[in-house]
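The data blocks that follow each hold one structure.
In what comes next, chain A is part of two complexes: it sits with chain B in the first one and with chain C in the second one.
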Partner chain A sequence: MSRDVQKEVHDLVTSNPVVLYMKGTPQFPQCGFSATAAEILKRCGVDFVAVNILLDDEIRLAIKEYANWPTIPQLYIKGEFVGGCDIMREMYQEGELQKLLEGVGA
Partner chain B sequence: MMLPETVENLIRQGLACSHLEVAGDGQHFEALVVSAEFAGMSRVQRHQRVNQTVRAQLDSGELHALSLKTHTPEEWSARG
Partner chain C sequence: MSSDTIARLQERLATLNPLHLELEDDSQRHAGHAGARDGGGHYRLTIVAEIFRGRSTLARHRLVYDAAGNLMQGPVHALSIRALAPEEVPHQAR
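Then we have the complex of A and B:
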């Protein structure tokens, strides 16, 4: 049986309120953009599922297609693709991200 | 390796911009893009629209990262 990676991504982002696909882990990020994205979520004080895409090349390729978004990190809230590092930073600075995360299973 | 001018040309060819600034070190780039096309689009849609113009370079890894700030001409002039 071949793996249905699109379904794996869909299942993960819809069954967890906040999911961050990143390079490395929140403790040991392997890319500056992923480090910033994880740091922003920590500052928002929200629990999130972090997926290290460097450990799974099929997932790395699948999420680019899933969100029609060519780069990592990628943030999903309640199954919706929110954006990458720039968008997260902009939304955090304007207080929009905090608002979006309010009451999300933290 | 890419030159900022190359990235700038790709964006300009793919999207009508009223203002465009690109800076970068060969792999990581930052772009400020002002386009009337962004009206009514979400942030994600705007970034998707710009990324589309450099999709081949992002896919090949020639371009590692393109950091974006996107505005409509109205938003841009409101910034003063």
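Then we have the complex of A and C:
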């Protein structure tokens, strides 16, 4: 049976409150944008699931299609696509991200 | 090669009728890292257009990505986007 990667992504983002698809890991990010995204979530003090897309090319392609968003990192909160690094930074600076994360995943 | 990508990206983004468009090649800062091994460039974009007025940041970025189209699938590895409506431009940048 072939792998249904769209379903894998859907299942992961809907069964975990905060999911970050990134290059590398929060400890060893492999790209500046992914490093920033992970750092912002750490500063928000929220637990999150990080997926290293460099280890799984099918997932790397699948999330671009799933969110209709061509770049990585990608943040999902309660199954909703929130945005990439620029959007996360902007929302964090305005306090919107913290508000969105209140009571989630902590 | 990268100046060619900038020209192509500028051409695509012209469809958003920008009042102001700045596109910088940021590739040097990211050269050689594992996430960029596909060889695509990193670019930093500031774009001011009427079309962004009243839209969320997410919606603005989607407009930019839609305009860039398949350039995002190869030549452009990462695009850092600042998309502003005309009245949001800081005075010193006008």
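What we mean here is this: the second predicted complex is superposed on the first by the 106 of 106 C-alpha atoms of A that agree within 3 Å, B and C clash if a C-alpha of one lies under 4 Å from a C-alpha of the other, contacts with A are read in each partner's own complex, and residues count from 1 in each chain.
Everything below uses one rule, namely that a contact is a pair of C-beta atoms (placed from the backbone, for glycine too) under 8 Å apart; a residue touches a chain by one contact, two chains touch by 3 or more.
No experiment lies behind these values; they were computed from the predicted model shown.
With chain A as the common reference, chain B cannot sit beside chain C without a clash.
By the touch criterion defined above, A:Ser34 reaches chain C but does not reach chain B.
Look at A:Gly24: by the touch rule set out above, it reaches chain C but stays clear of chain B.
When the shared chain is aligned, no partner comes close enough to touch A:Val104: not chain B, not chain C. Judged by the number of chain A residues each one touches, C leads among chain B and chain C. By the touch criterion stated above, A:Leu12 is placed in contact with neither chain B nor chain C. Residue contacts after overlaying the shared chain place A:Leu54 against chain C, while chain B stays out of touching range. Judged by the document's definition of touching, chain A residues 33, 68-71, 81-87, 90-91 lie at the interface with chain B and also at the interface with chain C. Within the complex formed with chain B, the chain A residues making contact are 33, 68-71, 81-87, 90-91.
Chain B contributes residues 43-44, 47-48, 51, 55, 58-59, 65-69 to its touches with chain A in the complex.
Those residues of chain C whose C-beta lies close enough to touch chain A in the complex are 29-30, 33-36, 57-58, 61-62, 65, 68, 72-73, 78-82.
Taken in their complex, chain A has these residues touching chain C: 23-24, 30-34, 54, 68-72, 81-87, 90-91.
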